[in-house]
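A single structure is presented below for examination.
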């Protein structure tokens, strides 16, 4: 019997994988992809709750979040490209002029 | 099939709407404005903010809710709206000469700033977690770009990319928290969450959701240990952007923070108040102590803004009507004070060459006595020195904590503000008690900067000496 | 049957996600992510949300990921080499990622949904039509969030232009 | 007249504001007129208010609300002034002595380039002090309390080009903030306990709500006293005051002798209702006061810097005041506060006059024989020295005697004995300073003046390349003369019952209640006799060693250690101590100063600063600049937060 818990556990696993991905990758593009994975995990949770609560709101949220993610990706990639243009390098560990 | 009619009530979102429309008008205006007239776009933006502020005033006491319970126009939200509009207007006054001097005077600067303001107003007046999330994103995205606005400067870009990556990271946590709260209560509407929790006890899933929400808010208002981005981003971003986000983001995010936790989650107060109290202690202490050794004014003010978030969090822990109004007052006081401080820092810069090291301020009092005086007043106010705005704010917050049995938190707050005096006075010592550094001659303070500074300093003094009207306004902040 | 489908796609999703995190080459990561997106779309179908499933494929796999791949191609970054400056980062990241996972599993594994249920049972949605139901809600109760996202998209466009276009004041010099 | 009370603080504030903004564009005379005039007018208004209170007799307590300051819910704090005999007298002292010192400053600071800044700070200080004194609630008092600290800091480091001045300012600020923390906590606790910060409410409720010796009242009073210890430079937080002498001398006189440092005494007296309910706290106040008095007096014996002698003397005299208020002799404490304001301000101003004449030299080893060069300074210093020594019928005689008598009468025999011993030491060290400065042969020459690094305003070094001791201008000597008259006669307002009517006791009745039963005449005379005798012995010993037979200590020193004879030619004062106290005594005094004062207490303050700095450095170490590290730390925080929330 498929229950809501199956889906939430999957979403939890994906969420944590995404979080770890952000932490261990040095390429901002992959870090950002990991963040997208975390958002997707949240989406899965929303849809699962929506289904088992018989409450369509969750699906609407996912639709809205898709849009937000799109906007975020556009902005994020623009910043990453601008940074690449300025320093010909996309290793976030090299970006640490500001500290202390 | 029935005809569905959405619950449209434009009046209650009028302030945000006016700001958005202004942003679009400025965006279109950018196309037809020649390079040497870009400042008019700034004036236009300020005009839009003033109109939005009037709209907010006209809604005072309306206490109306709209868009199927998504937003509300209560005095709490309106007070924050006014604070945000004020901070934006003052920031733009500072920005007009600043972005010209730094050759980044594009109309999009104002568009992004106004869009961010719209997001802040949405966030401060939202009564649904999903709208709060959207407000958060709408305020954040423009700020990511504004932080990186000086594209040619690697520091600005670094600020942008750090802010963006960490901001998106924290947004994911926040969103996951919303999802869990949705699962645990079946709704994202704050009132319905409160109603649901009034009937049944919370579940572990809800606790985790609440924890993640707290992480999201903590990131935005820069609470330890979610504050790491703050010093770096404040340092690297254009100074006017730093000034703007140091105050306005706090106002918006704290608004939603209070609304969510105090209004929707009082049933779980036993749990989150303890966490918040610990975060407040960590935040105040770390912010103040880390600021002690900073040699750069922007970084120092960044750590100071962290510390101030800690003070405001005390008001949330107090979880009372007085706590709420004290937080509002504090946010207003902090807004004018911090903008005054940043305004003075900008006023002391030499065209595109900024003076950001504390030692650069040496002897400023001799060359620019009034700017030095203004900076001194603002720093003293930040330190909670009487009789300025910051003192009254701290008094109100600590008083609210004491009233509700959190005296020990107030004690730590007092201790912290004593420590803070030390670093706030360092620039003052430099300005008044050092021989002037070279290169002061011939620097003139831009009239708009002087105007912003004047407004800020008068407010700082007025809020300190005659705080009663502002306290009365803040006290009307009914949460819905 | 549905349980089998779930486990199949769950396995794909987890493995692909893992692949995205560990594969050195960004392009491989992006392709793994595409696989996660598609398997999630399958999950949405399982959850009686075909509209979201389609949107997921179209927006995430079709638009967002393509953008990622474009940028990867544009920047042609190398693969991640070594642990970099932060020696303990990887170990600690995995440790605390695991801790978070343990916490989440401990709670979510046995989570019970509240008794209050809405009216949108899978049957009701099927009767009305998924897209109609979502659309109707989107333009009534969720009109305001919907409009906010439109502003958000506008802001994103403006932001990207700002970061990409040539500056007038610079060409002036 | 009560309706014009607000003018008293408003006038100096206006002076400060105008000078702050416009002083650079104004001629010097206008700055002076504004600076001095505002305080002068303020003094006149204060005088009128004083007579209003005096005329009202037992009804002389006025609560003047200016406006509602911080109203929150049903709790509100007004900007309100409390005018009663206590504050009226303080008003007179602050504005009166303040005015004289302002006048003096026009001469003393005449050549300083930051003339306008000086008067801005000085006026601001007077304003702050008046708020402290007039405030009718603890919050307003705290405002004044914090502001006077700020002004003190600004004025100590006024000559910031000297590192010592900047360091001293910092030290003063940090040390007093420690005390302020206690005061702040006390205010919070008062608010928690009484639900109000108004003096009237708190003092009305305290006796109803609490028994004698209630722990909460004891805690509150001890916290308040911690603030007083910092502000009034008592053990162990006194270290900042001697260093504060780096500021211009008028500042030393105004802030670090006559007014600000007495704020702690005023606060304890103002809170006497609370202290009366807390016998333990009062005991602590009295003991700390007495011990500080003795301790600081012994240190004063070894000091060579004239201003430092006066600084330790101030600490010692403040100890007397606390001894007074600690044994519930509130009127006596305030009485001594008043007389001390006159004679100590006078001593400082006279010392400043010497510095002015000697081009900044203040080391007594380089002074001497100035009697004939500076007639007015000499005479006025002499009057003040007699006053502080408790010479019969001089002001210090009456006030010190009253404190000692009350201490004795209340059964604190040991504290009385300490006070008596201190009186003898006081007489000795002040006359030692007097003789070394004005009598004995001159130990300065033209050449020495050039070599000496100026301790006066750095700008004046250029102006006076050579040593020409001269009497100071009238703007400086006239205030000296006025203060000298006050230092001589002020004591007669509070004569002991055996000698005449005690006007002050009746005056303070509306505040402190009716005076305790008079001390039996026999005891009274005995006590008077004892203090007079001790004072005269101190003066006599000083005279004997420095004037009558200066060769005695020389011989003694030679006898004890022949090698000292050579050194003696250079520093005969140091050797004199070896002779008189014979090594152990001298060592004790030096030990007190060098080990306890310089190492333990300074070390603690510095150590605290260093600890904070290294803590700060450690925190900065976490701010690595790596976005990924930040993300990791955020994840750690998240795990902790949700783990905690879950496990509860």
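By letter and in written order, the chains are A, B, C and D; residue numbering begins at 1 in each of them.
Everything that follows uses one rule, which is that contacts are C-beta pairs under 8 Å (C-beta built on N, C-alpha and C of every residue); 3 or more make two chains touch, one makes a residue touch a chain.
Note that the structure is predicted; figures quoted are calculated from it, not measured.
Every chain gets a centre from its CA atoms, and the centre nearest the mean of all protein CA atoms is that of B. Among the remaining chains, D is positioned farthest from chain B, on the basis of C-alpha centroids.
Taking the mean of the C-alpha atoms as each chain's centre, chain A and chain B sit 26 Å apart. Centre-to-centre separation of chain B and chain C, using mean CA positions: 30 Å. Remark: chain C and chain D have CA centroids separated by 69 Å (rounded to whole angstrom).
Computed centre separation for the pair chain B/chain D is 43 angstrom, with centres defined by C-alpha atoms. Residues of chain B in contact with two or more other chains: 130, 134, 137, 141, 144-145, 148, 151-152, 161-162, 165, 169, 173, 180, 183, 186, 204, 207-208, 231-232. Residues of chain C found to touch two or more other chains are 85-86, 89, 92-93, 97, 100, 103-104, 107-108, 111, 113-114, 116-118, 141-142, 145, 149, 152, 155-156, 159, 163. Each of the following residues of chain D touches two or more other chains: 620, 623-629, 631-632, 635-636, 638, 642, 646.
Shown here, the protein chains touch in all possible pairs.
On the side of chain B, the complex with chain D involves touching residues 161-162, 165-166, 169-170, 173, 204, 207-208, 210-212, 214-215, 218-219, 225-226, 228-229, 231-232, 270-272, 274-275, 286, 289-293, 321-322, 325-326, 369-370, 373, 380, 385-387, 391-392, 395-396, 398-400, 402, 407, 410-411, 414-415, 418-419, 421-422, 425, 429, 432-435, 465-468, 471-472, 475.
Residue ranges of chain D in contact with chain C, taken from their complex: 624, 626, 628-629, 632, 635-636, 638-639, 642-643, 646.
Across the complex, chain C is touched by residues 4-8, 13, 20, 24, 27, 35, 67-68, 70-71, 103-106, 108, 111-112, 115, 118, 122, 128, 130-131, 134-135, 137-138, 141-142, 144-145, 148-149, 151-152, 180, 183-186, 196, 200, 203-205, 207-208 of chain B. Within the complex formed with chain C, the residues of chain A that make contact are 1-2, 4-10, 12-21, 23-27, 29-30, 32-34, 36-37, 40, 43-44, 47-57, 59-60, 62-64, 66-75, 77-82, 84, 90-91, 93. Taken together, the chain B residues at the contact with chain A in this complex read 130, 133-134, 137, 141, 144-145, 148, 151-152, 154-155, 157-162, 164-165, 168-169, 171-173, 175-176, 178-180, 182-183, 186-188, 231-233, 235-236, 294, 299.
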